[in-house]
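Okay, so subunit A shows up in both of these, paired with subunit B first and subunit C after.
== the complex of A and B ==
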């Protein structure tokens, strides 16, 4: 294979992977109609789109002979962004005329009228120019009802950050979800990595009966599907919560204020669940890494009189940074993107919902407002991207964690 | 109306406009709220499937109860309600109130013993005070694990299904008249095709509930092609799914939905069009269809979230019956069922609250909400549209509940949905009916 061919294949793969993200970002910056009526790739060039405009306001009832106006002014009205500009190509004219073939019956005609041509609207003559100016002339002063017309406009590209402003500042849902996601994700990453580091050291360097069997059990726990465990886990939390509630009632005077109830679904229950499900892989990865550290180093530390704790904190931790970092990234991404655990185990309070649930709710509510969903999705992607990029150098080393043994 | 290209902000302003009175005014209803007791600081948790605007209106309505009693109502809505509530009930994490969108699942939960009966007194109250009361009581009555029947589900917030939505302006431009009979409706559809228009927008995609829109069509057509007695027998499977009456109704539905000339995007698009996107064809520029048959909640999915109804760019007419069939004016509807999943004095007070006319009016004022409560002040309806729907509800000669909601979950929220989707994708009516009947036989 030649070098160029390889480059082409590589470039192709990159394009395929990046394309959905480009589509997402582009759509999030477009107006609602534009993103609903045309593909994202049309966003960068002038594109013909249909727009419906009204000739005048409903409350404007003064009779006139000639009314002049501008289609773009009518369309843009009091809009502050995504203003439509470009050239008016044509207007779709619809109306019934007597049918020449069937006496007494009428026939619907639909016809594209181009700039400068005369069109019969409510018995008046309607003429428009491609810059949007139109005149509507009647033989005598009349006050016609407003007429909505479909104009095909060769529209200039227009982008705006309205969707971001709206999801971030106009209501508290997305900002709350961001905070909740951090509250869930950070402890749910730190707790398992801490426990796993201790456990991995023990499995790698301490001798105790049944060590290998215990390790096999831990490793085999990796294959337990999360979904299977929901019901028993929830039952467990419910038991703990009712026990905590009675303890609370016994220790404090909460009964007076009706605040004894301890919630069984909370941030804490998410931490515990994510920790439990993250631990087997964490222990496995870290143990395999730690077991590969030079034996001589640890033995000399032992001869110098260092305790297990000292060896762990002074030697193992600094040497295991790549493995710790790479597992942290795994765990962070998994918890950040988790929907199902949060849905079943997490608090259902609107303010406590994590980002994936909020996105799912937007899908339910705003399936018709794609641009808002897209904006939220971009925001939710940014965090993992920052985490990934800032820890990238550990990640690449960490991918090899446990794969090479030596010493 | 100016076709709003809507910056997000203007769309939201529109939504707010349609939402009507502010929260403070919501509780200010024509009817006086009775004494419900005081429950200072007590928390009532409610779980349901309503999200978005419905969630907002529910919270507003509950806030009137909070104001009157001092209790705190916490609502959480999720599209995955059906899965979540089962896990919560079975793991002793029950909320106080669960709002079931379908009686099938509520009946299953009652059988497992997770629901608390609301008492004979409530059932009697409902029979007396709701229009067509006994049928509403029947909708909320299930058997417990010993087979004893009791009243568990309080129907509150109803939907009317037999409606056809259209754009008056399009009808005016094209010179179409609103049909009074099914024959007229079919004639009008053919006329539209002859004119080069597309009459219908139909979409049945709805995630893991795909197909339910098609079952609504089926039910409406069952009521128009056969007697209400046969409809009831169909619901209980006394009349098998593959009997000629049912297959006939399915074929009539096929004449609408499997006709490339009739459906925007062609018949093959029906199964893949999101039900909430389907009505947007009425308002697209240029309009991709002329009519859309859907329940009363659908304006929330219009491009301007229902503002179309206030400014006259959208309206509806009653999905008419066949003149030749002589079956009166049948109406299809549904309602959400509020059940008590964890007993507490404050929760019982909440159910008392739902009996108050004021609780119904509070929601009526805000938007899409219909009620069968006889004592409510009809002027409280937020829009003339809703009032007109209220009138259809009351002038019906036959009222029937959504059949798929009444059938066992495995059928009504399973085989019926999936097989109707297969039907949309080209499976013939006989096979579809046979498959659903086979699924039903399997659970007997």
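== the complex of A and C ==
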């Protein structure tokens, strides 16, 4: 009973998490029309959609008695993707026909014509089959004007990668954002984890006065909200930047080319800020892991003649791989998805914008082009997924097996 | 190979004195066992010698050098831990090579020394394995091997056998004894197991509450315990104690008057007791024998047939429990009365 209940809850949680992702991926793979006109859940089953096609093939002007063609060929003539296929249900005929009430006059009618029925189009008999073949027959050879007809087609599911091609290759915004995000995220992950590992070892295994108090202070820094620190941090950066600018002017001949200005908002300022805000949690997590390593192991290393640095590099680091991996995933995700810090501290130069800011800007430029927005979103999700899957092998169970008793 | 001397060694954790005024001399190549109940400070004393703990006061000399201010690696010691403490991410070879590698020895020398140590312990075939792929006994060998490659003046063992099962414990004990003869290095060995202490030691140091109770050769301690604690701690089953009064206190020929029996000509161990003082008579279960005219009489409460010997648990009429260990089969059953005699020369007065 409780088992079933647990399974249901579990399944529910999985659905809640997976469904939006499925929606995102599906929508990004659909055509613009499809994504605008129907929900993603209709993408997997045949759906009735209206398509306008022209009766004439391109440059067809010669007179004829019978024209035969295929609605799908007409529709897909100049398409490279999202080709329409399926069954033609009906055609909505819209046009003027002789008025049976007023002889000599015509009237505008709208009528649904089904497959196999005869339809009067420009005085010719237009008949179509559900597979799309149609014939248009006239009593004598004529060259009628082309007519656009609206066909309701029970359309087969169709997917394409056009949206991805468009966001990735048609302009440089998304590729630039990808590169910028990597430039920000990789150092902003490696720097704090390096510092934190050293600090964590010191907090766990070195004796120095005030160690516990210092640790409490570091841990309590976790509660400082990022937003609270923006103003002082920005002031600090602009102070450093103006100092660097004067140094630049003093040491180099940049004044001639007017290139002395050092930006206060840059990738480097993002690295420093992310490092600062990531450190408390990193130190806390790593310290708690490292303090749990067997004491005898470190004592044995001390007897073997290892210094603190050697113990750190030869024992602590190899044995802390799972903790290091889990924190690096954590920090990578946090920095990769960060919008607010990048917005305040990062460079505002269009080429240097990170992915979340680019996505936010796309909301303005693409407006209702859901397939493009979703394609960008999927690209930004894929990177953390790859990082997570590739780090997974470092979550090794039983790393300490065989080291101490009972292991 | 070196002498180890401890002079007035004290250690306290906060207000708790764990080691009190220990003076000890360990000779070249001697196998010394620290033994005592848990919490007696024997491991702490070992850690003080190794340098893992700092002294509160006192002096320690290894090879006639004061080592109080030296780090563990500079004291010329190697230690084998109870929990093995192998480096789990390194192969057996690298576990053993770690200290040599840190000393900056050449690859060739490291290989030679590790292989020599592995050969002594007959574990050349294990060198490429990781600790996780070893059995408990093999891990213990690696831990010992790690100590051997360092070629130390003094080997320190901290209860090295207590994580092994009974059969393996015996084998490893025999091997450690052999190894000590082979290497002839000064060895300090901590254990709470008196069998290990009796079989391995050249010299036993019995500790209680951080104080040395008695130092001496195993048989010396067994036959001439310096106090009630040592007498009760060494020997299995435990020594029997009968309460009574001291009637004449001459050096070797004291007269004891118990509640149920009197005996003359017993060795008086205590130096403070006077005539008329209450005193305890200690006699080992092995030194008493069945005798219908014997002076000690009791009711059998338990019979344990161990094959090699029979252990009887009895209780006197006054309610003092005592045990008899006899190498022969004793035909008594629970509830029966039995009388025993003993040789006053093998008894002690505390």
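Note that the second predicted complex is superposed on the first by the 275 of 407 C-alpha atoms of A that agree within 3 Å, B and C clash if a C-alpha of one lies under 4 Å from a C-alpha of the other, contacts with A are read in each partner's own complex, and residues count from 1 in each chain.
Here, a residue touches a chain if its C-beta (ideal position, glycine included) is under 8 Å from a C-beta of that chain, and two chains touch if they have at least 3 such contacts.
Computed from a predicted structure; not experimentally measured.
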Partner chain(s) touched by A:14 [first = subunit B, second = subunit C, both, neither]: neither
Partner chain(s) touched by A:22 [first = subunit B, second = subunit C, both, neither]: neither
Which superposed partner A:349 touches (first subunit B, second subunit C, both, neither): first
First, second, both or neither for A:222, with subunit B first and subunit C second: neither
First (subunit B), second (subunit C), both or neither touched by A:143: neither
Partner chain in contact with A:319 - subunit B first, subunit C second, else both or neither: second
First (subunit B), second (subunit C), both or neither touched by A:382: neither
Broader residue contact with subunit A after superposition on the shared chain, subunit B or subunit C: B
First (subunit B), second (subunit C), both or neither touched by A:294: second
Intersection of subunit A interface sets (partners subunit B, subunit C): none
Subunit A partner contacts - residues on subunit B that touch it in the complex: 1-3, 5-12, 40-43, 47, 51-53, 74, 76-80, 84, 87-88, 90-93, 169, 173-175, 195-197, 274, 276-277, 280, 283-286, 301, 303, 311, 313
Complex contact set, residues of subunit A against subunit B: 31-33, 36-37, 50-54, 58, 74-75, 77-82, 84, 92, 94-96, 106-108, 110, 148, 150, 160, 162-163, 165-166, 170, 230-231, 234-235, 237-239, 242, 257-259, 261, 264-265, 343-344, 348-350, 357, 360-361, 363-369, 371-372
Touching residues (chain side subunit C, partner subunit A) in the complex: 50-52, 71-74, 77-79, 81-89, 98-99, 102-103, 130-134, 139, 146, 150, 163
Complex contact set, residues of subunit A against subunit C: 294, 296-297, 299-306, 310, 314-315, 318-319, 398-407
